[in-house]
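What follows is a set of structures for review.
After this come two complexes, each holding subunit A, first together with subunit B and then together with subunit C.
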Partner chain A sequence: MKKKILVIEDNPMVVKSLEFKLLKEGYDVATAIDGRRAMEQLETNSFDLILTDLMLPFVSGDQLIEHIKINHPNIPIIVLSTSTQEDIITNAFTMGVDDFITKPFSPNELALRVKRSIGSLKKTTNR
Partner chain B sequence: MYNKKILLVERQDDERGILKKILTNSSFEVLDFSDSMGAIQWVMENGNPKLLILEEFAVPLNGWQTMDYMRSELKKDHPTLIVLDADTKTSNKKLQGYLRKPYSDKTLVEIQSFLDNLKTPDEIEELSKAYSLDYLIDLSDGNKEFISESLELFKDSVSERITALQAAIDQQQFGEVRKIAHSIKPSFHMLLNHKGKELCQALEHCKIDNELSVLVQELKLEYELIQNQITLDSPIEKI
Partner chain C sequence: MPIGPTCIFFMNISLSITDLPSVLEINLVLSLVFFILAISVISLILYLRVHKNISNHRKDKLDILLIDFINNYLFNDDFDKSNEMVNFKNKHLKTTLDKQVATKQILVFAENLKGESSAVIKEIFYGYGLYDFLIQDLTNKAWFRKARALNVAYQLALNLPSSLVDSLINAKNKDVRQQAFFYFLHRSTDNPLGFLDKVTTPLTLWEQIHIENGLKSYEGETPDFSNWINHELISVRVFSMKMIADYNQYEHTPILLEFLNHKEHEIRLQAIISLRKMEAPEMIPTLIKKFSRESIQIKQEIFKTIGRIGHVEDLKCLAPYIQQEDTVLKVEYLKIARHFNPRISAEKIDEFRNITL
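On to the complex of A and B.
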């Protein structure tokens, strides 16, 4: 069964690129353009990985991560960041995110990091 | 296909016509202007030519001033030939190359030689681009449908966000300005347009609210430059 990834990002070009690459890698992909819609998706679907920006409309990155960590603690989170967000990324790691990828992402790096993070979910849930 | 556009600024109609004919017959595309402001406007709106040919005593800005303006204000470092007056010496340090009137077939040889001695055509092409599809090609293994749809997304979504940026400035919602700039920054980055990316970054981190409006105007110009260049190039056909 295909692994399912939720992409939370409000830049349509980035969404399209992630969707294209992840579908090609054999994953199922759902997208949400803001934090509210992401929370709705999380209520109705199960995901194996979340890829999220931290500056989203309506819900802040901190609020979103907190929500995921409380309600869906087993889903790994990869943060999509820009190179100028060092403090925000550091904060996200202290809140428990698993990894981060810089936008625009390197296609090979994305594939590797996604595979690694989804692998970490398998190990956790198999215990 | 290489960029074959040459911008020619020459006050005299007859001389301009002669050189345009010589260059056009040699398969260059000549955009000719009787004054330098026309050429500057063209570059601002349409992108980058392969070569500038500027008459030394062009008006209202002379050839040297036009070259300086392109470099300092528009950040465009085009290969430039100055058409020198008979009395001007060729020792000027700014001079990349020069021509003298009257224009003739010898002028064409001099222009070809100047271009051949620059860089490889690929490097010239790369320098003159307002955008590059390299990232999208790499990401999609050259999938034309994906690249075409991505360019459409760039056109529509960035245009919409720039309008939103302007509205946020008008309403003095400066926090919103910074959020929008953060959101569209990757769009410029994905087309390898560094100026647009840096302008977005400057908008994100600018501490002086009054400067935001100027940055938004510059970003709008850069967006228009990319769009015009894409329209001129029809890049999907060349993949």
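On to the complex of A and C.
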């Protein structure tokens, strides 16, 4: 069965590119353009990985990560952000994200990191 | 030729208007003029609104097509790149607006993707024929088109003919000039400030700030700022002195020390600021010696310098040169005195006061 990824990003170009690339890599992809819609998607569907921006309308990335960690603690999270500030990156890892990718990003590298994060989920579940 | 009923109607109106008293006649004519004017303005606004809506709708549609095309070009191995490129170009990139939208969308991709995708994005830019469009913009009279072309060129790391760009370094329009600076700074591999050699009009403070910021993101080797320390423009010299201090190029301290005796006020001022930042106490004897002949602004900088890297004895040497009525300098002097000895009593400060003229 195809692994399902939720992409949360407000830039239409980035959403489309991620969707395109991840579909090509053989994943099922759902998208949300803000934190509120992402929460709705999380209530109605189950996902194997979440790929999110930090700067989102309505609900910020931090709040969203906190929500996911409380309600869906087993889903790996990859942050995709323009921020290169050390404190923001450290804060994200402290909140429990699995990986942090800075924009501009390499689509091939992103695909590899998605694969690795989903792989780590499989290992955790098997244990 | 027979006269139509409409003509007869208007003739009747004009005849009846001329029969009216002159005040009413003027009133009526003016009302008519304003009515026509109002209708024309409303029609123009409506036209512009509709035109804008149509072009926005076209832009949105083209944006979707472009995102789809570029994604296919980037990630779809089965995509017939050469044929699809020709088809897309002929079908969707006909007008100036289309080319502007395509350029903007390519910039968004370039801003968000890196690695192997960057080269492909550049390939798409050339494939769409947008390089020729960019050159057209660069040779256009409109300043905003020139500025835009330069911006696109440095963002996409494109090389432009130097015959077209060199003259823009001294462009009258500040935006064009600024973009030209950025272009040279970001396109250079070993000499990011080489363009300063061609600058013939003074650098404004904003331009200096922009160059400074641009340098922060420059990935190559930091330039030797002393190369421009003898530039014909004072603003360029001041900028290079500032950069020498910011980038800790201590090897140029002797040159800055020489500039303490320069005839230009701005250069002496910047030399003091830069040397203070570099913590060069060897300048203090010169500063004390020249204190009495300097401007208030430089005297204040001398006080600051002594407060930062000097001693209380250096400060005392300056006291005889402060006039009693020179309030600004007296305050500055007493502030530094307090800085050297925070617990100093009011009486002691008075003693300092007594030393002054």
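Note that the second predicted complex is superposed on the first by the 123 of 127 C-alpha atoms of A that agree within 3 Å, B and C clash if a C-alpha of one lies under 4 Å from a C-alpha of the other, contacts with A are read in each partner's own complex, and residues count from 1 in each chain.
FYI, a residue touches a chain if its C-beta (ideal position, glycine included) is under 8 Å from a C-beta of that chain, and two chains touch if they have at least 3 such contacts.
All values reported here derive from a predicted model rather than from experimental measurement.
Superposition model on subunit A: subunit B and subunit C are shown in a clashing arrangement. With both structures placed on the common chain, the touch criterion links A:E109 to subunit C but leaves subunit B unconnected.
In the superposed model, A:K21 makes contact with both subunit B and subunit C. By the touch criterion stated above, A:E40 is placed in contact with neither subunit B nor subunit C. When both complexes are overlaid on chain A, the residue A:M55 reaches subunit B alone and has no touch with subunit C. By the touch criterion stated above, A:N11 is placed in contact with subunit B and with subunit C alike. Once both structures are laid onto chain A, the subunit B stretch out of 96-104, 186-194 or 204-212 that overlaps subunit C is 186-194. Overlap of the subunit B and subunit C contact sets on subunit A: residues 11-14, 16-17, 20-21, 103-104, 107. Residues 63, 67-68, 71-72, 74-76, 105, 108-117 of subunit C are the ones that touch subunit A when the two sit in their complex. Residues 135-136, 138-140, 143, 146, 149-150, 153-154, 157, 179, 182-187, 189-190, 201, 204-205 of subunit B touch subunit A in their complex. For subunit A in complex with subunit B, the residues that touch the partner chain are 10-14, 16-17, 20-21, 55, 57, 82, 84, 103-104, 107. Listed in rising order, the residues of subunit A touching subunit C in the complex are 11-14, 16-17, 20-21, 24, 103-109.
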